[in-house]
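Listed below are the structures to be examined.
Shared between the two complexes below is subunit A, which has subunit B as its partner in the first and subunit C in the second.
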Partner chain A sequence: MSTSPFGTRRTRRWIPWLSILVPSVGWLTFGLYPSLATVYYSLTEYSGVPGTPMNYCGLCNYRNLFTSNYSQVSDAVVATLKYTAGVTVLQIGVGLGLALLLQRRRFGYGLYRALIFMPQIFSVTIVGVLFSLLLDPSSGPAEQILHSLTGGSSAFLGDASVSIWLIVLVNVWMFSGYTMLVYIAGLRRIPLELYEAASLDGCGPIRRFTKITWPMLAPATTVNVFLTAIGSLGEYALILVMTQGQYKTQTIGMFMFNSAFGVNPDLGLGSTLAMVQFVFTAAIGGVLLWRLRRREVAL
Partner chain B sequence: MADRNRTIRPSRVLAATAAAALAATGLTACGGGSGSSSSSTTLVVAEWTNAAAVQETQAIDAAFEKANPGVKIKLETAPTTAGAWPALQSSLEASKGVDVLAQFAQSPEKYAPAGSGVTVGGTPALISSGQLLDLSKQSFMSRFDSTTQKFAMGYKDGIYGVTMAEYVNNSGMFYKKDLLAKYGLSVPTTFDEFISDLKTLKSKGLTPLYVAGKDGIQNIVWMGIYNQLMMQDKPASEATSVFMAKDNAFLNGTQNWNSALYQDAANRYEQIMQYIEPNAGGVSFASAPGTWSAKTDDYPFFVDGSFDGNTIAADNPALNFGMMAIPGTDNAAWNRADLAPDLAWTVPTWSKHQDLALKYLDFFTQQTNYEAWVKATGSLSTQTAVPTPTLKWTDWLQTNASKGFPGTTLPWLPANVGTGNPAGGPTLTETKPFGSKDLLAALDDSAKAYTAAVKK
Partner chain C sequence: MSALSTRLHRQTDPAVAVDPQRASRRRGVVRGLRLTGVQLFCFVVSAGFFALPLVYLLLQSFKDNLDFLQDPTGLPKHWTLSNFSAAWTQGDFATEMVNSLIYAVVPDVITLVLGVFLAFPISRGWFRHSNVLYAFFVFSGFLPAGLIPLFIEAQKLGLYDNRLGYLTLTSLAGAGFFFFVGYIKTIPRELDEAAAMDGCGYVRFIFTIIIPQMKPALATFAVFGFVASWNNLILPLIMLTDSDLWPVTRGLYSFFGEHGSQWPLIAAATMIVAAPILVVFALLQRYLVEGVAGGAATGTAGVGNAPATVVAAEE
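== the complex of A and B ==
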């Protein structure tokens, strides 16, 4: 009988099956089962309080989205789109700008990159509470700064016209470092010969950026746009801490959280909103990915 | 179902931070489990964060452990802000990992009749599905006022929790005595007097009214006024029948959010709101008591529940302040405090240590422990032998709280009416002065939404 670190020939046969079985059980338990349960809960009237009845009601929750809850759903869709567009555009812009500034291997640049990346590792809750305090119109410094600069004042997070944009800015502050790092990786893969040739042809910095840097960063842009947009479409944690969805900041994710886990939870409605969010994210994410990949090929 | 008459309990920033982190990351699912070993038994107790209440509970827990060698108490807490408390409660219920669970006290009105087609949620769902122990036969219940206990946690013939605390919630307002005295004003007793005081204070360059508008505390004014208008001079004992009649009227379509009473309340609310801090929409519930107490030369009035009284006193011990009910009507006798039965201890039927949990409640409610607890929390006493504590800010309450009435809840709504649905009443963060919508127009929207929500 042959010997090996993996046992006998007979036991070795089971190793691949075991390798598949363990992650499969994990996926079935923690991935597929909760997903299927969410689909089922969305077809029920169920408060989520253990021991209370769960009544199958077909598409009743979906119907309610377009009738009694229509105004909340439409407001949530608008808030989600604003939030996603704002975060994606700003984070890509800021991340790219920072990458262009800090891509060089010079003394001290590593420290700046680390400092800019640092908010990413902070807890969303800590960041949310911190900015809520900064933006408190009675006791926070933001009000004093605004007043000294413009003479005006603002309720900040309590003003529906600016509240969602303030949360967008906080999100961008937190996560631009990540976008920057992806872009820096992309920038370092661009052959220097391309820039040398362009310089010889008389290209200035703007043309070098538009004709070389931006097109060559297409794969990094795909990754950044896709990840940022998908993350923003499901966002609720930062909003939960900063406004709890008040003042026109209730995104679909926030609406789902409030419905499923709020003061009087309704897991049926919450699960229905989770399904809506899934479809919404899959549709927008799919279109984005398709467009970005086509752009990469075209370039 | 939205529950807007339940104003969020106090929480400090750090506590909110910690527990909201749990809620945001879903880690609350790992909440406490009750375990026992041969040498010790662990009793899991859970309550929402109210710094004073938690501190006093810990002191009583320590005394209980000392009196019962081998017993350990694990106290789980989470603030009511950012959905942390509901998340902790859900996880404890799902894991059956709690022995003594705090609940917000209810009212008989919470149980919609079977024919209404409205299903109950939250605590009433736990009670009506038989998951909380009937405490009515427990000896410690005799220490309490039976009417309050029955009103707050009664269902059919049982009482499913022992209601420890009662606060002036809706209609609650603090005032700075020295500022009123400085401008020659007395505590207003009617709506006209109140508006006149606000006008006078504004003319002196003050911002008369402070409110944590970011967290919707303006609801205290709105609901306080319409409750006073609804109750008028009726005795507190009629509150249940008055509110049940209101609920039935909503369901039958003879009353709605745009009925005359609510329009009257809306007009009064709007008049008062003309005098608030202009940026109150951004003021958070967590920071408001501290800010108000620190600013001794402005904000003479502060809309908030009496549960924050001791917090304010601790934030600025030198502040000379009092607590009163907002005078929302033209008749001084109608302007009573809207009382909210609050923390009620319950024992789940699936608790692994039911006998010990009952022993704990017996210990907790002993007179000396309860006296210390109400003093620390600033709560009105619900025990017959324990008077409401005399604190520096409770003079108005000492005289007037007994004239108050237990507050209303919202009309019956189907459970799947989502958060922010106007069927549960106007969202005041969207109406003037916090938003752009006119409150009377919002009442019309709410009336339409309610009709749509209950339409069979």
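== the complex of A and C ==
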């Protein structure tokens, strides 16, 4: 530990504390406190409408998860798991494919990478509206393509059996550029000697991929899988724009938002769902990190 | 680091070793011709899948309504700009653009300055147990989302549905910004001592010496912070009910809800909202993409390595 060289002998001790005062208080009030207060609000009944009372009710909201809200909660859990699994698997696959394709430092590739990266700088509002247009069941191009290929039609986002998967695809479209860039950074760290040695030993492209590229990309895969899984577990803004959680697309996060800020606001239930989301995120994130890190060490 | 190593590999590449310049040029031309198939494929993937949806949206925004009803997916027959002017006035996007700009710039600047003031004493080790503090901060990122208590808190503190309140909230919520700690460690300590000896005050030292030294790091975070605030939908949605206070994302969301299936109009509104971000992207494209790639590279290098190198550099 060292001391600040600034200030007179009397002010010297206080300068570090004054320096961190405003940011710390700000973070405690608007960052840490709301997170922790979620636990308390999940134990209350509160509509949030000014003038209405807030009643402490113990574990009533948690009990309701398994009784009166059970069907909605179980639907939300299923939707969340579908969404997270779908986005993670597809985005890793697409991101890796794009990275292998576009890792070269050659003319034009910078532009291609930029185009693929571009969607994620847009707001979810823009992306959501854009794909609502493309997937419009009466006047969108997706409908035309489907009709000319199969002769059938679909309600797309209005069809509960495909709705969530379509939003998964939109999410992958939006963020696979990030996954690609992480993989490209990983690919460029692999020593070329490994490939040269493998070629001399008569390894074909497929074996070079499975024996060198994929294992050497383990750290990049850790980052990508972890960030994608945690990100898609918490995602609901995109779903809000596209379906508002209708047609079986109500994930836990979406359910939290709808119950807290929807037509019949129930902030107690919303906070409880935020806690459910936290448990899922901590459990899935913890398991993923543990497995992925072990895979790295095993090399 | 990675750029350096690939450069080294290139130099040891036997094909280049004979006559580096000419050989590589010849090889480039040959490869360029041979790999046009791959080039074409890359172009089709990137342009067809990732850019075409936006181009389609742009085309739709030039259609008049009759055109759209007759042929919803085709090219516009009668090109018109009327959708843009209609969307601009009906959606009140002029006010919303100004709002978005304020909501993006003010918290961005305040957060970064506060972040430097927070990170500096910690990276200089002026506190006992500062790594405990750091670990606690990182851990707190995994706590439950505090959106609902934040909403209740904003109402109680009078920050709900007003501009100043919203700015206070967004500026301070992001203040727990420890990412600069590592960067500041690379700025030599001798600078502090010399400045203090010359009678430079702490605040002046931070603003005139430390902040200019941190330009690259600050610029990266400023750009990403700006884009993130500009794009935020959820917070304006719950904190601002007065439509005069809405940013463009919130405005577009309501516009989309109100105008149902008037797709050319909605397409024009979406293009209006997307345009500023597209310009930012076009100008800073290389910077943004490299920023992510650089961040990703340090991410994959393992967190454990970073402090060791900093310590080594200090000793």
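Everything that follows uses one rule, which is that the second predicted complex is superposed on the first by the 284 of 299 C-alpha atoms of A that agree within 3 Å, B and C clash if a C-alpha of one lies under 4 Å from a C-alpha of the other, contacts with A are read in each partner's own complex, and residues count from 1 in each chain.
Here is the rule we use: a contact is a pair of C-beta atoms (placed from the backbone, for glycine too) under 8 Å apart; a residue touches a chain by one contact, two chains touch by 3 or more.
If you're wondering where the values come from, they're calculated on a predicted model, not measured in any experiment.
Trainee: Following the overlay on subunit A, give me a clash-or-fit verdict for subunit B and subunit C.
Mentor: Taken together on subunit A, subunit C would clash with subunit B, as the superposition shows.
Trainee: Please determine whether it is subunit B or subunit C that touches the greater number of subunit A residues.
Mentor: Looking at subunit B versus subunit C, the one contacting more residues of subunit A is C.
Trainee: Tell me which partner A:F131 touches in the superposition: subunit B (first), subunit C (second), both or neither.
Mentor: Second partner only, subunit C.
Trainee: So, A:G234: does it touch subunit B (first), subunit C (second), both, or neither?
Mentor: second
Trainee: Determine, under the contact definition given at the top, whether A:N69 touches first (subunit B), second (subunit C), both, or neither.
Mentor: In the superposition, A:N69 touches subunit B alone.
Trainee: Considering only touches as defined above, state whether A:S139 meets subunit B (first), subunit C (second), both or neither.
Mentor: Both: A:S139 reaches subunit B and subunit C.
Trainee: So in the superposed three-chain picture, is A:G158 touching just subunit B, just subunit C, both, or none of them (first/second/both/neither)?
Mentor: In the superposition, A:G158 contacts subunit B only.
Trainee: Look at A:G48 in the shared chain and tell me whether it touches subunit B only, subunit C only, both, or neither; answer first, second, both or neither.
Mentor: both
Trainee: Between subunit B (first) and subunit C (second), which does A:F257 come into contact with in this model arrangement: first, second, both, or neither?
Mentor: both
Trainee: What is the contact status of A:S123 with respect to subunit B (first) and subunit C (second): first, second, both, or neither?
Mentor: Both partners, subunit B and subunit C.
Trainee: For A:L81, is the partner it touches subunit B (first), subunit C (second), both, or none of the two (neither)?
Mentor: In the superposition, A:L81 touches no partner, neither subunit B nor subunit C.
Trainee: Can you tell which stretch of subunit C collides with subunit B among 95-103, 113-121, 185-193 or 239-247?
Mentor: It is 239-247; the other listed stretches have no clashes.
Trainee: Touching subunit B and also subunit C: which subunit A residues?
Mentor: Touching subunit B in the first complex and subunit C in the second, residues 48, 50, 123-126, 129, 132-133, 136, 138-139, 237, 240-241, 257, 261 of subunit A appear in both lists.
Trainee: Would you tell me which residues of subunit A are touching subunit B in their complex?
Mentor: Within the complex, subunit A touches subunit B at residues 45, 47-53, 60-61, 64, 67-69, 71-73, 75, 123-126, 128-129, 132-133, 135-139, 143, 153-160, 237, 240-241, 243-248, 250, 255, 257-259, 261-266, 268-269, 273.
Trainee: Which residues of subunit C touch subunit A in the complex?
Mentor: 2, 5-6, 9, 28, 31-32, 38-39, 41-43, 45-47, 49-51, 53-54, 56-57, 60, 68, 72-73, 114-115, 117-118, 120-122, 124-128, 140, 142-153, 155, 169, 171-177, 192-193, 196-197, 200-202, 205, 227, 230-234, 237-238, 249-250, 252-253, 256, 261, 263, 266-267, 270, 273-274, 277, 280-281, 285-286, 288-289, 292-294, 296-297, 299-302
Trainee: Under the stated contact criterion, what part of subunit B meets subunit A in this complex?
Mentor: The touching residues are 1-3, 6, 13, 16-17, 20-21, 23-25, 81-83, 86-87, 90, 93-94, 96, 119, 121-122, 125-126, 129-131, 210, 213-216, 277-284, 287-288, 290-291, 414-423, 429-430, 434-436, 449, 452-453.
Trainee: If we count contacts the way the header does, which residues on subunit A are in touch with subunit C in the complex?
Mentor: Residues in contact with subunit C: 1-7, 15-16, 19-20, 22-27, 29-41, 46, 48, 50, 98, 101-102, 105-119, 121-126, 129-134, 136, 138-141, 144, 173, 177-178, 181-182, 184-186, 188-189, 191-192, 219-220, 222-223, 234, 237, 240-241, 253, 256-257, 260-261, 267, 270-271, 274-275, 277-278, 281-282, 285.
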